[in-house]
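Below you'll find the structure I mean.
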Amino acid sequence: MASFTTLRDAVAAHVRDGDVVAMEGFTHLIPFAAGHEIIRQGRRDLTLVRMTPDIIYDQMIGMGCARKLVFSWGGNPGVGSLHRMRDAVENQWPHRLDIEEHSHAAMANAYEAGAANLPFAVMRGYKGVTLPEVNPNIRSVTCPFTGEVLAAVPAVRPDVAVIHALRADRRGNVLIEGITGVQKEAVLAARRSIVTVEEIVEDFGPRSPNAVILPHWTVGAIAVVPRGAHPSYAHGYYKRDNAFYQAWDAIARERDAFLAWMEENVMKRADLALEPAR
Amino acid sequence: MASFTTLRDAVAAHVRDGDVVAMEGFTHLIPFAAGHEIIRQGRRDLTLVRMTPDIIYDQMIGMGCARKLVFSWGGNPGVGSLHRMRDAVENQWPHRLDIEEHSHAAMANAYEAGAANLPFAVMRGYKGVTLPEVNPNIRSVTCPFTGEVLAAVPAVRPDVAVIHALRADRRGNVLIEGITGVQKEAVLAARRSIVTVEEIVEDFGPRSPNAVILPHWTVGAIAVVPRGAHPSYAHGYYKRDNAFYQAWDAIARERDAFLAWMEENVMKRADLALEPAR
Amino acid sequence: MNAVTPSEMMTIAAARALRSTDVCFVGIGAPSAACNLARLTHAPGITLIYESGTIDTRPDVLPLSIGDGELCDTALTTVSVPEMFRYWLQGGRITVGFLGGAQIDRFANLNTTVVGDYDKPKVRLPGGGGAPEIAIHCGEIFITMQMGSRAFVETLPFITSLGHGTGPGSRERLGVTTKGPTRVITDLCVMEPDAHTCELTVTSLHPGATREAVQGACGWPVRFAADIAETPAPTAEELTVLRDLHARTRRAHSGEV
Amino acid sequence: MNAVTPSEMMTIAAARALRSTDVCFVGIGAPSAACNLARLTHAPGITLIYESGTIDTRPDVLPLSIGDGELCDTALTTVSVPEMFRYWLQGGRITVGFLGGAQIDRFANLNTTVVGDYDKPKVRLPGGGGAPEIAIHCGEIFITMQMGSRAFVETLPFITSLGHGTGPGSRERLGVTTKGPTRVITDLCVMEPDAHTCELTVTSLHPGATREAVQGACGWPVRFAADIAETPAPTAEELTVLRDLHARTRRAHSGEV
């Protein structure tokens, strides 16, 4: 049942050390502000689930929040490596990071299965590749009608899902438009959820009868965080900050520069998580 | 690849004796005009697939088009029986009708699996009920992670899907809004498709970025048939003719009255299938 | 105001069982009337979902089908039917599912499929539709049915949807974790499964209904709870709202609106 | 007009392989440039799909990520990511998929996962993303990669996506019915799998490129087709459209727009 709160209180109430956390948003609507608040609150030993770790998990990994990463493509899109993720995997800095690696198709299906309350997802995939040899969570099932062998992966069922959405109405219904990714699935698959939004409106007004909406009784804490997806973007509010994505490569390449940037731009900005629900 | 044609030519080209035909539309957008044209063209031995046979299949069964019916709820919604369907199942009139019966959940999942090019669908269902004893197409699979046994049904892969949509644009892209049912899945699961539409527009104009659209390269023949869903309805065009649904009970109860009604209202109205693409 | 009909009493008793926080999977007929009556009286916050995909809908008239345009026009949003059955019903997000049927047994299993042999049916009924999975995925199930000895039967010829199976432990042995039918609301009484035997037991008689009438309309020897109550008579508000709803609905479905 | 760069030649050669009737699953970088160049020149009807869910998109500038707003703003429609991978990619509706990678072998298998041991990697690469299933579900695969002996290698340490496996029959034995990589477009040449051996074979050399240069940038002994062609030089139109596209893109991504 939706409750309106500050981002600080939402994270304090819903994200616990050791949780499996899925912070989704496929390029669009990545919940950066929420990730920063999790870093500021010093969460540890998280299992971070995300199709594309992106800068948000690069930051969380570099700041020591994560014990394990479940992902399917770990780069800075169109730019290059995620240096903090690489440093963790290659050099165990700031500490060891376990990984569970899938393909996009497998992750998308695993979220879908989680939302549908199924224990596993079935797909045609993973043929002729090495990943099943290094990931014991890639198995198979046999079609009981045709005998075909298909790939199976466990459903994603996070302890908490964190997403950024365009807006909520006064009842706590949440609207997403544009590239909707797997956010709806992540929230429906999770036990708890935090939704940051650009704004709260009285009513969504005229809209498609098939608008992508999470009803208020399916979401947990809602916090208003304008520009809460930056440097990702919010359809109709602001554009993706591609210049920042390119700049991140230099910021994150060395540990010291990374830590300095985080100190200045994240650790000192607790004020950003105190926006009251309006 | 979409081609614009008359309904008569669409049915002549795409629906063949013995085909597996899925004519979908969940209460909304039922393709009545296309069903009538199939009746007029005298198709035989069809396997008719539809979650809710509704009046459209009552008519097709009563007119002798069907050898088999695959369905999940065979009543006249809110009114009572489908008398022609019952007469076929109970008394083999006008001839024997085989049935393959599922639950709604199974059929919906089977269409979804068909659209996703999977050989079968997995669901939690069919527990403690008799249907699996009389339908050999209800089987099981075991989760390779938890050991849980789940129900499995074959994917629906029709030879031809027939749907009614709101409108197409000049390129042949097709828009559906409102109660979208399983129409998109039916078309994507089928080898061929016929789409009747209320109108053809130059461009869909302003719309939700997530509007339910079948791209032109996924559909077959498109025919303009205004009110082609009546007595079902088209969101934003006309309402469901509930009075007709109630009147159908008396029309269809006796064979003679049914045949007389069909002769007058369907067989003599071949002109309705000649609307040119505009 | 005219006398209360048994059908009205049934609908009103069903409506009272709903809470404002419920998320309700609604069937056509009496369930739809009960759910909307609850919404228009004591449970304004109730979320009504129809299997056509319409979520949080607030129809002004009762739909004839589960997919009338009215449901979509007044819904928060409408999803595809596969999504409805996967994410919403199987997803375990529904607190109350409403079912009815042609036949019921003492463990609240239902038959809406066939009377007689499946392959050579005496009466072919509509079939299960959403019921088999509604019965196992909703938090609990309310059943509304008019009583009669051909409907309340000793043995079902076909189980379309699971109630309490053959008694205690049946649902658990099938891996089903939801409560199943917690009340059967009829035109004469309310029945609830006994806590120990799971057998339907009359817990409340509607005004004017007698034990004899209930037994006369039931094909098995009926059990009555020790502390049997009388269902409170409909209030003026309940009756007015229900009759207005039905009147609006009749006008709309006859094509007058 | 400035001299054509090898990168431009690669993109233009890739664009030419696309048809106006293609439905193309587009990756970021060279594939995105090639697909949009094709759309803006000889293949105006081409349908471009990005794995973010954007269908039939017509971006004015190249996206930096596969989910830039530009893609959604100009798309026919945008679907969820599970739907994209289930109905559209696995559904078998894509005629051409574009892939690139850090490493390729002579059978056009690709590695974008890891160099060194998987558990103790020398270089951790981004991973597969959509590639493992793009490689098997699209009608055919085009690969664009700059040549170099560390990229075109004798043996892959990790197979991220399937090409022609270990040679003839590999795909069939895995139950894969699509063609797989039908051409590899590099900065020096175009390679195609030999009809009999499936081994990548140079079928066309770009203007100025030599057999020696190709061999020098390849970690296995390169095979050349008997009737090797010279890739036609870029036309003025191709070069102008491509450079304009890149210029618009640079301005947009630097935040100037």
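Letters A, B, C and D mark the chains as written, and numbering starts fresh at 1 in each.
Basically, a contact is a pair of C-beta atoms (placed from the backbone, for glycine too) under 8 Å apart; a residue touches a chain by one contact, two chains touch by 3 or more.
Since the structure is predicted, the reported quantities are computational estimates derived from the model, not experimental observations.
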Between B-D and B-C, flag the pair that has more C-beta pairs in contact. B-C
Computing the C-alpha centre of each chain, which chain sits at the greatest distance from chain D? C
Chain A and chain B have mean C-alpha positions lying a whole-number Å distance apart equal to 39
Taking each chain's centre as its mean C-alpha position, how far apart are chain A and chain D in Å? 28
So chain A residues touching two or more other chains come to 112, 117-118, 123-124, 148, 178, 180, 184-185, 209-212, 235
For chain C, residues contacting two or more additional chains: 72, 78, 86, 90
For this assembly, give the contact graph shape among line, ring, star, complete and other. other
If you go through all the chains, which pairs of them touch? A-B, A-C, A-D, B-C, B-D
So in the complex, which bits of chain B are touching chain A? 117-120, 122-124, 137, 139-146, 148, 150, 152, 154, 177-178, 180, 207-212, 235
Show me the residue ranges of chain A that touch chain C in the complex, using the header's touch definition. 1, 112, 115-118, 173, 184-185, 188, 209-213, 215, 217-218
The chain D residues in contact with chain B across the complex are 21, 23, 47, 55-56, 72-73, 75-79, 86-87, 90-93
Any idea which chain A residues touch chain D in the complex? 26-28, 51-52, 71-75, 77-79, 81-82, 85-86, 89-90, 101, 103-105, 108-109, 111-112, 123-131, 134, 148-149, 178-182, 184-185, 212, 233, 235, 239-243, 245-246
Give every residue of chain C touching chain B within the complex, in rising order. 28-29, 51-54, 63-69, 71-72, 78, 80-82, 84-86, 89-90, 109, 113, 118-119, 121-133, 136-137, 158-162, 165, 170-171, 174-176, 252-255
